[in-house]
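Down below is the structure, laid out as structure tokens.
Order as written gives the chain letters A, B, C, D and E; numbering starts at 1 within each chain.
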Amino acid sequence: MASVAGKIAVRLERLIPKLVIAPGFLAILLFVYGFIIWTAYISFSKSKMLPNYTLIGLRPYERLFQMDRWNVAFTNLIIFGVAFIAISIIIGVLLAILLDQRIRIEGAIRTIYLYPMAISFVITGTAWKWIMNPSLGLETVVRSWGWESFSFGWIVDQNMAVYALVMAAVWQSSGFVMALFLSALRSVDQDIIKAASLDGASTAKIYLRIILPSMRPVFMSAVVILAHLAIKSFDLVVALTNGGPGYSSTLPANFMYEMTFRRNEIGVGAASAIIMLLTVMAIMVPYLYSELRGSKNV
Amino acid sequence: MASLSIRNAVKRFGAVEVIKNVSLDLNDGEFLVLLGASGCGKSTLLNMIAGLENITEGEIRIGDRVVNDVHPKDRDIAMVFQSYALYPNMTVEKNIAFGLEMRGIPKEERNKLVSEVATMLQIDHLLDRKPAQLSGGQRQRVAMGRALVRRPEIFLFDEPLSNLDAKLRLEMRTEIKRLHKELNATIVYVTHDQIEAMTLADRIAILKDGIVQQYATPAEIYNKPTNVFIASLVGSPPMNFLNARLETVDDDVVAHVPLTKDPDGQKLDLSLKGYDSDLSAYIGKEVIIGIRPENISYTEEPVKDGHEVVQGEVDVVEPTGADTLCHIKWGINSVLARINNRIDVAIGDKFNCAIDMKRTNVFDKKTETRI
Amino acid sequence: MSNLDIVRPENSSFQWVGRLLIWSILLLFCFWFLMPAYVVISTSLKNLEEIRGGSLLALPHELNFTAWQHAWNQACIGVQCTGLQPYFMNSVMMAIPAVLFSTILGALTGYTLTKWRFKGSNIIFALILFGCFVPFQVVILPMAQTLGILRLTNTVYGLILVHSVYGLAFTTLFFRNYYVTIPDELIRAATIDGAGFFTIFFRILLPISPPIIVVAVIWQFTQIWNDFLFGVSFTTGGSQPLMVALNNLVNTTTGVKQYNVDMAAALITAAPTLLVYIVAGRYFVRGLTAGSVKG
Amino acid sequence: EPVAEVLHYWTSGGEAKAIKELQQAFQKRGGKWIDAPVAGGGGDAQAAVLRSRVLAGDPPAAVQIKGPNIAEWAEAGALGDLSDVANAQGWDDILPQAIKNVVKYDGHYVAVPVNVHRVDWIWANPEVLAKVGAEVPKTWDEFNATADKLKEAGIVPLAYGGQPWQDATVFETVVLGIGGIDFYKKAMVDLDEDALGSDTMIKVFDQMRKMRDYIDPDYPGRDWNLATAMVMRGEAAMQIMGDWAKGEFAAAGKKPGVDYICAPTPSDGGYILNSDSFAMFNVSGEDKKEGQDLLAELILGKEFQETFNLYKGSIPARMDVPMDKFDSCAIKSMEDMTSAAKNDTLVGSVAHEIAQAGAVRGAFLDVVTAHFNSDMSSEEATKKLIDAIRLAK
Amino acid sequence: MASLSIRNAVKRFGAVEVIKNVSLDLNDGEFLVLLGASGCGKSTLLNMIAGLENITEGEIRIGDRVVNDVHPKDRDIAMVFQSYALYPNMTVEKNIAFGLEMRGIPKEERNKLVSEVATMLQIDHLLDRKPAQLSGGQRQRVAMGRALVRRPEIFLFDEPLSNLDAKLRLEMRTEIKRLHKELNATIVYVTHDQIEAMTLADRIAILKDGIVQQYATPAEIYNKPTNVFIASLVGSPPMNFLNARLETVDDDVVAHVPLTKDPDGQKLDLSLKGYDSDLSAYIGKEVIIGIRPENISYTEEPVKDGHEVVQGEVDVVEPTGADTLCHIKWGINSVLARINNRIDVAIGDKFNCAIDMKRTNVFDKKTETRI
């Protein structure tokens, strides 16, 4: 008798963990995966102003890829993503290494580097829009200092506008990357550095050849976090360039929004969202795979 | 190979003096072990020799050269770390070759040197692996390979075996000893394990709080420790200590060891005839008698030559295979004896202990230094 | 690197030049990071003439806080000229519960997924993690329908729900990475001591979680406080969060722009998150070491 | 108690004051006004809110939407019926046909027009023009000649904001001016491919390309009101913009005819119309329905039409409001509209979503803005225009 | 206290069988040590006893009760972990009292029990500290206190000493032994350290790959290991193994140990007269001879009773203080002898080894099991 009761108690105890994560997990299932499926369905439908559940096959995708605006947006995402991730990491790593050289007021400097993380893209965009505005901002100021030929007109140049986005986004995120790497540098085994300097490596060589290569997991985390920021970038574009000049600096998120809400093309909007998700998956699935394979022996 | 000489070395971190006036001399090809408890400054001293820490005062010479201001890489030393400090992103081969590469040695020669060392250490089949894919002992060997390949003047080892399990530690210890013999290298080796120190060293320097307590050969340290600290540090199981008072009985110096709490109660008399120092100044004073467990043996006869025979009662028995450790009660004193495993003892047994008095140490109770 | 004190000939000019280089790069970046803040702050202190006439980077002639006052309690947002004041409370009422829920839920989920692993728990983790990467624009329409079904449209509860769900992915990631480093033996010891699932969580794990709680809370608070899209899509009028009010205040289709008020409003909006970073930024960096950096 | 939740994007300046009038009038009649402002991008953000509210099954009572979007919402069955109020107030008699086309669906009223904006205005600084001895141009050739002169004199001829909707605003005035009213109707309203690909359209694009020489290089992303300020300050001579620009002049204390001149862009009697309106969505509950009716009645009431449009700078949507309180520009606008309505030269704006709804308008914007901001040839632009519109239809 | 009985226990993780049909019986009050290399399943078996892992097949009884389905907290066991697993946020007092609190024992009684245990373990002055403020040995004691305070039927220890340094390990080992005696507790103790196993256990179960290799008393395991694996696992320094072939010489069984690489070359003859098993079936077959280092001693006489005397050459000398380890070459064979430190040996010396043949083991070359 006691053993039957015991069995039930043990069973119940085993059930608790599943019960605990059930609400959150179900919410994610519905709010993420349910919605993705919904969006996928809509992307094959003839939805225009409101969702319409009549299927029309691949037509929305055909239209999507015929749109010049989409091609520009998608190319921009690749340029923006690569430049943003690369530059943020370079600056972040550089600053982390410099801050790791026993800097006296490290705390204050770190805060200065980190504060942009606290600020919304709306404000970031507005501030940079002014600074980069040729007739208001930096260009005028530098010219008033006497450097007449100085020109900094990215934001009004349709080939450079996307780099203006990169600049503002890097400004916002490189401090975070710095923090990530700084904390990783702090946990590097001191003996390795000693060993390397006995081996005759200079400080620069120690970082380049030994410390940085050994921080691959941190690079991975940084890339994933930055990639997610890049793909979600929407507000920044709205506030900084609003996609212009023309639509030369739109990103897919803006495209999707424009189609869905402004142009009554929900079907095409959904199709663009699905393409975005597929892009995300192309980056994330390998990462998750390695992450989970690693966690089996944790 | 080169000799090493440390003169009045001092190291301060801010106001804290971590190394206090240390002087050591080591000949070409000798094996020096720095032994001491955690935090006593062993690693700091080693780092000072390596140049990884500045020396605050004093002088360090390698061969004839004062190296105080020489960069670590130019001191011609190699170091093996406790954590091995292998470069995690490089293969074993690259790890070993890195120091050569940094010194601008051409690739073919590097390859030749690396493969020589790898063969010698039997890690030639591992050259393409990364450190994470190696076992503890293999990592250890790679770390040694990294040091060996450069053929430096002096090898420094910072507790290189402390991360290994007991069996591997034994093996690697023998291997280091053999390497030392083969290469005839000058070695400074840091450890807190006294057995390691005893088995490996030509000379041992025992450190405590940044001060060298004794600098001598292993045998001297084992047999004639200069103070109680060293006596209890070296030897496992540790030396037994008994409080006693020296008296003269029949012209002989005798140690009275109380057997009860009452100071006037029953006492044990241990004759110190033939003790190697003059004890006369300590007559009537409190001393500490130190007896190593292996110098207490079982006897059936009541008297044994050169030995004192004391009767006790067995308290705890710990068979270790080859020997048996017996905790024996002598009145209020408890002593540990290491006896042959062929002798059957059980808890509660009466036990006749023969004490080898020639190997007994006497310490001043106040200063705890050997008389 | 911090403990390495390699012997170098003292006062070598090499060392001196090196330090100079390090400092100049660091200060250059300080300047770069501070420039937008300077522009925003100085503009908020100028009056409109000064802004129209002067240079963007010029210092204000005098400290003039009227724009701040205006933004706080006079500026018109739609037909109500109440300034940002009432919306500030809306945001607080939304952010605090949402941060709490997502943090607690993330902590529990992370705890379960590391310490009570069961078949499929890795897959569940992967599925949750992927939730970080869904662009929010995608979910607006289905979310609107769902909220309608749940009768949560246009309420703060709806926003709390939305933020809790989409925050869960990140908080779970943080807590999971932190709890992975805590030995399982602790849980076993407590089990033998007779503690159950929740007792272990609340009595043993939660008390040692502050470093990662700081990270999760800062992260979530920043995300939720700065959110515009969900706020604008799922609330209207008086219940809108601060970010939406800021947008309404700053954006005019046909009207005169009061840049000083706009900037003051932006600063007021950003103040809480800025404060959090300045006060707790150090713990944030420390917590990152404990939590999200692996390897 | 009548209740109305009003979703609009008039959040500041004269617009906010104007809508405040409506709120006060509504409250005076015992109504409860729930204000739901969503600013940004001329309704970009609001469009998202509206859709999510409709999908959530809880639409606001009155929503500021315009043009063919009204018909699309009505077609989706989302809008209520205002026939009762309309009949009682006799809307059929007081509204111009062009507006009726917009606010009626399937024979009954579904939305209430608030105002009429004229899009094809030139705002000029007379002092600056005088410097080169010029007047406001009456033809596009004149425009180019004047502009060249100004440029030579070192003055920016045209104040310009480089945002797609502003590009399109200028573009449609050029279409109207160069192509004439019939061409406008064919190309912009009926989307006739022959017209879109015609030489006339190529000329239009040529003119757009010319305009690029008449503006300063910092135009991209500039808000229209900053461009207006350039005219006011004398940095630029003219701006092509709808009559909301008047608000900027008024706010700066400038007088029409004295400090600035308003004149229609060159065309033969055409009038490009932009009209704001409130669509009434299907709501449940008597109080809400009552609120909608009351709101509709108030919006088209003479009193409100007058006060609102005085603030907003536009002219009343109903034609029987006395114009004595309005300024000269508004009076001119009203006169021109009346005559245009009579001559059937009144057309809807594409840039402002009167002639075309979201997708097609977007196609126009995309091509026009892409052409304007690059070195695309006019021929290529017309081809792209045809493709884009075909795709959007 | 209670007896423990494990019957045909099996544990699988998915397809991997980690524990393969283990049966063990332990009497009330006995001290069982599970000894084995890392990854052999020791912790898993302990966790199965504790109820922290499900048992896939078989049965576990504590006293008379089958506990397969009993929750860990109801099994009346206590466990001490390798990492101690102290609750980092609680004071020492709370740590010890936590298990009592969970069982609803009122506060006063808790306090009484905690202070009793704390006094016994001499940690009563630490009760207000947090674990981070304790030294390794103190933490160890707190972990023991947490187990002791509940007075459970069975104590489980999972490598409780492996995080301590050598000296402390020795002390704590004696303390555990003493506690076992005082409480007369039933204990299951996991370790990979054979010395710990030998000194502590009443019985040792040696595990390899989830299979019990030998389950016997320490003495039996030391003296008569059932196979080469056990022989090499137990004893430090480890047993020497020599390849040999059994032959009959004068009616006696003799082991021929080759001294050269050439199979027909010179050989050593070791007489196995009086070996405890019948060797006749192995005549002419290959075997392994196992000799413990302490059974090789120095002799000056060419013959010694019950011993075989072999001459060799000293290769490496490692003095450990009490004894000296000598690596000696017998032709191609290298053996280790543990000799008294009073005997002076130097590298290259000739060395007469007296081998105690009564304590020699013979293993089948193929199966590696003891004959």
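Rule of thumb we're sticking to: a residue touches a chain if its C-beta (ideal position, glycine included) is under 8 Å from a C-beta of that chain, and two chains touch if they have at least 3 such contacts.
Bear in mind the structure is a predicted one, so any value in this text is a computation, not a measurement.
Visitor: List the groups of chains still linked by touching once chain C is ignored.
Guide: Leave chain C aside; others remain one piece.
Visitor: Look at all chain centres (mean of CA atoms) and spot the one farthest from the centre of chain B.
Guide: Result for max centroid distance from chain B is chain D.
Visitor: With contacts counted as defined, which of the two, C-E or C-D, has more C-beta pairs across the interface?
Guide: C-D
Visitor: From the C-alpha centre of chain A to that of chain B, how far is it in Å?
Guide: Here chain A and chain B have centroids separated by 56 Å.
Visitor: Once you find the CA centre of chain D and the CA centre of chain E, what distance in Å lies between them?
Guide: Those two chain centres are 92 Å apart.
Visitor: Send over the residues of chain C in touch with two or more other chains.
Guide: 4, 6, 140-141, 143, 229, 247, 250
Visitor: Among the residues of chain E, which ones contact at least 2 other chains?
Guide: Chain E, residues with two or more chain partners: not present.
Visitor: Going through chain D residue by residue, note those that touch at least 2 other chains and give them in order.
Guide: In chain D, the residues touching two or more other chains are 40-41, 48, 51, 55.
Visitor: Can you name the residues of chain A that touch chain C in the complex?
Guide: My answer: residues 13-14, 16-18, 20-21, 23-25, 27-36, 38-39, 51, 91, 94-95, 98-103, 107, 109-124, 126-128, 130-131, 136-138, 140-141, 144, 171, 175, 179-180, 182-188, 190, 193-194, 197, 215-218, 221, 228, 231-232, 234-235, 253, 256-257, 260, 266, 273, 276-277, 280, 284, 288, 291-292, 295-296, 298.
Visitor: In the complex, go through chain B and note every residue touching chain A.
Guide: Answer in residue numbers: 47, 50, 52, 72-73, 77-79, 81-90, 98-99, 102-103, 146.
Visitor: Touching chain B in the complex: which residues of chain A?
Guide: Residues of chain A touching chain B: 189, 191-192, 194-201, 205, 209-210, 213-214, 216.
Visitor: In the complex, go through chain E and note every residue touching chain B.
Guide: 38, 165-167, 170, 173-174, 177-178, 181, 192-195, 198-200, 218-219, 222, 234-238, 292-294, 316, 318-323, 325, 327, 338, 341, 347
Visitor: Show which residues of chain A lie in contact with chain D when the two form their complex.
Guide: Going through chain A, the ones touching chain D are 48-51, 63, 66-69, 129, 133-135, 153, 155-158, 161, 238, 241-248, 257-258, 260-265.
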